[in-house]
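Before anything else, here is the set of structures, which you'll find just below.
First subunit A sits with subunit B, and in the next complex the same chain sits with subunit C.
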Partner chain A sequence: MPLHTFQLQINGDTRTLSNLDPRVSLLDAIRDHCGLTGAKKGCNQGACGACTVLVDGERINSCLTLALQYEGRDIRTIEGLAEADGSLHPLQKAFVEHDGFQCGFCTPGQICSAVGMLAEYKAGAPSAVTDGEVGELAGAELQERMSGNLCRCGAYVGIREAILEAAAQ
Partner chain B sequence: MNSFSYARASESPDLAVALLNENQGRYLAGGTNLIDLMREEIETPAALVDISRLPLAQIEEREGGLRIGATVKNSHCAAHPLVRDRYPLLSSAILHGASAQLRNMATTGGNLMQRTRCYYFYDTASRCNKRTPGSGCDAAQGFHRIHAILGTSPHCIATHPSDMCVALTALDATVQVTGPDGERSIAFGDFHRLPGNTPHVETELRAGELITAVDLPASSANLPSIYRKVRDRASYAFALVSVGAALRVEDGRIADVRIALGGVAHKPWRASIAEQMLHGAEPTEANFRQAAEAELTPATPGHDNAFKVELAQRMIASVLQELAEVKA
Partner chain C sequence: MSILNKVIRSVVQVMPDQAPDELIASNRYLGRSINRLNGPDKVTGKATFTADYPVANLAHAALAYSTIAKGRITSIDTKAAEALPGVILVLTHENAPEMKVPKEFGDGSSNDAGTTQAKILNTDHVSWNGQPIALVVAETPEQAEAAAARIHATYEKEDCVTSFEAAIGDAKQPKAIMGEDPEVTRGDVEQALSQSAARIDLTFTTPPHNHNAIEPHACIAQWDGKDDLTLYDTSQFTAGVATTIAQVFGLKADHVRVVAPYVGGGFGGKGGAWPYIQLCALAARETGRPVRLAMTREGVFRIVGGRTPSQQRVAISADDAGKFLGFVHEGVTAQSTHNHFPEQFSFPPRHLYSMEAYRIGQKVTDLSRVANTFMRAPGESIGTFAVESGIDALAYELKMCPVALRMRNEPDADPVSGSPFSSRHMRKAYEMGVERFGWKSRPAEPRSQRDGDWWIGQGVATGTYPVYRMVTAARVRISADGTAVAQTSCQEMGMGTETVQTQHLAERLGLPMSKVRFEYGDSTLPYAGVAGGSSQTVSVALAVQEAGAKVLKELLALAQKDERSPLREANFEDVVAKDEGIFWRVSGGGESYAAILSRAGKDFVEADHKTGAPMELLKYSMHSYAAQFCEVRVHALSGEVRVQRWVGSFDTGRILNPKMAVSQFRGGIIMGIGMALTEETMFDDRTGRIMNPSLAEYHVPVQADIPDIEVVYTNEPDPHTPLGAHGIGEIGITGVAAAVANAVYHATGKRVTSLPITLDKLM
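Let's turn to the complex of A and B:
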């Protein structure tokens, strides 16, 4: 079957993937072919959120899609969230401050997901618990919006506090 | 995963149809179901035609209703002001499915075409008539807590897993398709099939046909509605039973009622028996319960999923009662 040579835009950099088998998922392309190992492979079937990255500002599971489908799109991973001078993104800072992790495996996905979630929330997107107008970002509203990210260590208390602090900024 | 060729059709639906028919493959939209099934080698297409960039990502007003393009992301559909305003049942049903990340990938067309979550279908060591026609059905005597109770056949008791499709059934949507033989429309209620003798044939879509849009009619706009889903955890799980219902009461009588169920059948289940009994009747708790019981009378549960019968009855009655109280 024909191989493909194409470019991915990741964190503002152009990455050329040469002679790639079309079977390579976006996650495997990011990790194994671009050397950006922040996004994690937890389940490889859409069930955990560890592979979450942002595409054109929206959060997606990079494990359930082909790299080829994302040619030319604006992809952002956990490696691309900090400022050029190394200062952390507000969500990264808040996760450190509130112990939003134990082993850290789910953390890149949690943080990328939270970045996407706050953008959705601020744009007025509803959730399954939203009744009419979009409600305050706390309790069930926050849990529902972050339900796509599992934490095997159960660091949810710190994760919630971190996101709420970053949301208030 | 088997090896396959990849081509992207970005310009027009006709190009996608032509590419697919040249290559004997499958359309690829968000990938959230197809890539998973290919990884498990349940689907092994020789070619994929990527339709995710087709110019079908719009939601437009049309004949007093709405046309939702086939490549509109589920999340965009749920958040669209016209959908939220006129068809809140659709918005709610979508938001009750999957996760935010998946809804940002999943498309209208892919949601309709997603396949069952029957564990035996996913396990290539099991017998499954849907995966390998004629091989048998290991769910029948196996663990079938999540399986169907209505419209089943001895050949398959799988359910259709979509939440979105439950709302589309209740809202009398129409599916627009194009293919090698031209364009046609399919009423939503006819789109998905019951298993019968051919559980591997899941929809009315013919080989090579492409879904281009789903239309919502003016007649089902602005109805008071509720989508309720019962599942094993509060979020990010498929339905055990879900109910999408809409109710309009005029002068103390039911003027319009729509009830659809998810998690109970091989297709999104329109509760026509209950609807017929309720049309023109008084919106009382007793009438709701009676209609719900009549709808579930033909149910044929197995040893693990009998709970769904009572659950579905209670859910239908309580959702309708809530809608009646809001109106009162």
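Let's turn to the complex of A and C:
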């Protein structure tokens, strides 16, 4: 299998990946080859959302896609959400405050997903429960839009309280 | 129960009680909603889970699994796999070095954590569909997975039983269930059933479940020479894994170190030393490299067992005032041909209700399937589904409110053992729940509320879970800089262990939280048992309390020897730990730890302590309780069930951190909603193969499935437990499936007796 050398832009840094097997997923490239282990592998098949990262501001399941496809794109992971001085992103703060996790394994994916989701919502993108105009976020809209991120610890109530608080800011 | 146990129990009955914990009402940190200490690490991606450890020169392993349930491997072709680039080693039964079969996980009182008596890789015999048959090590995970997919085996099948239904007839009564009698009886139950005002007799079934923690099992193994092994493992029992892997490789237990600071959920699925751990260690030893074996989601389903299926009969009769006359709860669970775990579903009614006559017991049958294991509230989760559905059905027969029927049968002492309850506030829990839910405005008639295409119903059920305490060791050290640390090998899978034990240590020693640290998740620390049975909080708390007391005594001894100390004349009974030091209880004079240590010229004082056996459990009937209330809507045309409201009311001793406790309760309720409506591990009865080994096909609840969940609690401290607390990890799931089923009945008039309550059962 021919190996590939290319660059990824992650959290504003340029990372060179040398002689990479083309089968390496974006998730594994980020975790194993760039040492950013915040994004998690919960299923490796698009079913849990633990691997969610942002690409050009949109949320994707990084386990479902190959690293090679993302040369030149703006990739943001959980490690890139806080300010340079270390102060937490409003969603990160709200997750801590509302206990939006227990084990914390799904959390990087939940938070990245919430960042992407809020951008979609603000842009007026409809969801599966949207009936006509996009309705208020609290309730069905938020729950539908966050249902791609499983939390087996069952922190769903805290997660949505956190997202609503951060969205209101 | 063994004769010896019975003798001990009768001796303990007359022994005096320990005085209640001094901190039972202390509330500087305890009882407060302190944010999880590891929260900032978890929201920034800094929390290091097993598969995240950066290890130099790491090789990667993958497994191939059998595709038959029982038989012999007649050939195994590894050539294609070995020929792939990057492949370092392929091990099968033909070339794998011998490993010993470790001792099985017992009742939680030993360090043994073996999960199967089947040999792994050291035999051509297959014991379950999904058993590992080959181990591949390669330079990269992609290479290892690709090679594992190219292993090809042929088999000679043997006859075996893989269907639970087919095996029920062969069920046998085990000698004991978790040390308790497999069956308890009193009076003539058949007679009591036949002569009564009302009676129900229903048979319930529950399917197998899988834990499905979002973190799949993973291990990194690193050898230092031939005799020292370090394992990073997704473990909820570091000491047990160390002991078990030492048994497998013939090492001394203290030469295996297991490290697990962050575990991505366990729910019982990470309590045993499942075979991937020894295979990872073997791969590392044979290649001379550190190796990571990160299980695939499918792989977890294949080799890590879950909850047993069950069939349960509940027959109850009552007089016209609702008093229970005859009570039968009996049935069958499954274990495998290669493990022993008869899940204790018949425990709940032994402690919940007054009954004139009863027969409560269970049998177990052996299947050629992956070994079953404990999963959140083993026994009580499925047992309460049957019992609490049965009681609901009886309430309709009697035309009585289901809450009133339960209160009518509330016992004064344990209905089976006769022991006094250590702390039971069931009535208060019900009163709080009834109030919060607005239960009184619920119409009594089923199928009487409709909203458009939806039928609406409200249901209630009791939950219960025992109090356990395990023998646990801890070390406490107080240093001259005024800081303290407590250490034990226990684990944090998201329950809040680190935070609550830090609150405890600070409160216990009178130090600010910022000056104390709790260290855990490493088998080389003083021994703690499995994080299971909702026992860890109190087990660790007692060990820390007693080790802390030793340290305080030593500090006081230093002060007593010192002319200049205001504590020179003080006895231990005269003093308390507060304000960062030791002070006279009455007059208030005293001095700081730092002052005592620096004058004595010591850097620190430390002490280890191992707690005694939980004798209080023999004297008292010790349990937690829940009243679960829910409202569902059921689509009149499709049969779809949606849970739209929940109130959980809990009686679980003192609550140590309300914010985290509410999360735990909700987490349990949510897993219970999954159990009620969607979760089922589907076995192909012909082949014993799991047909839905993925999160796409095994449906755990998602954000959209979960309504607001209100939690209230009695907060009544138990005078017989450390801190007055009970463990709360499991009580949340108990009673949930019954509350949902009862609400579905109330909505539709249909009694669903088999989980999950899928649409087809309501058409």
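Basically, the second predicted complex is superposed on the first by the 169 of 169 C-alpha atoms of A that agree within 3 Å, B and C clash if a C-alpha of one lies under 4 Å from a C-alpha of the other, contacts with A are read in each partner's own complex, and residues count from 1 in each chain.
Note that in this section a residue touches a chain if its C-beta (ideal position, glycine included) is under 8 Å from a C-beta of that chain, and two chains touch if they have at least 3 such contacts.
If you're wondering where the values come from, they're calculated on a predicted model, not measured in any experiment.
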Partner chain in contact with A:Cys43 - subunit B first, subunit C second, else both or neither: second
Partner chain in contact with A:Met1 - subunit B first, subunit C second, else both or neither: both
Partner contacting more residues of subunit A (subunit B vs subunit C): C
Common ground on subunit A, meaning residues reached by subunit C in one complex and by subunit B in the other: 1, 21, 23, 44-46, 143-144, 147-149
Of all residues in subunit A, those that touch subunit C in their complex: 1, 21, 23-24, 28, 31-32, 35-48, 50, 77-79, 81-82, 88, 92-93, 95-97, 99, 101-108, 111, 140, 142-144, 146-160
Of subunit C, residues touching subunit A in the complex: 35-36, 38-49, 51-52, 54, 85, 140-143, 146, 211-216, 262-265, 267, 294, 296-297, 493-496, 659-660, 662-664, 666-671, 694-696, 700-706, 708-709
In the complex, subunit B residues that touch subunit A: 1, 3-6, 8, 28, 30-32, 35-36, 39, 48, 50, 52, 75, 78-79, 84, 91-92, 95-96, 98-102, 104-105, 234-236
Subunit B partner contacts - residues on subunit A that touch it in the complex: 1-2, 4, 21-23, 25, 44-46, 49, 52, 58-61, 64-66, 68-69, 113, 116-117, 120, 123-128, 130, 143-145, 147-149
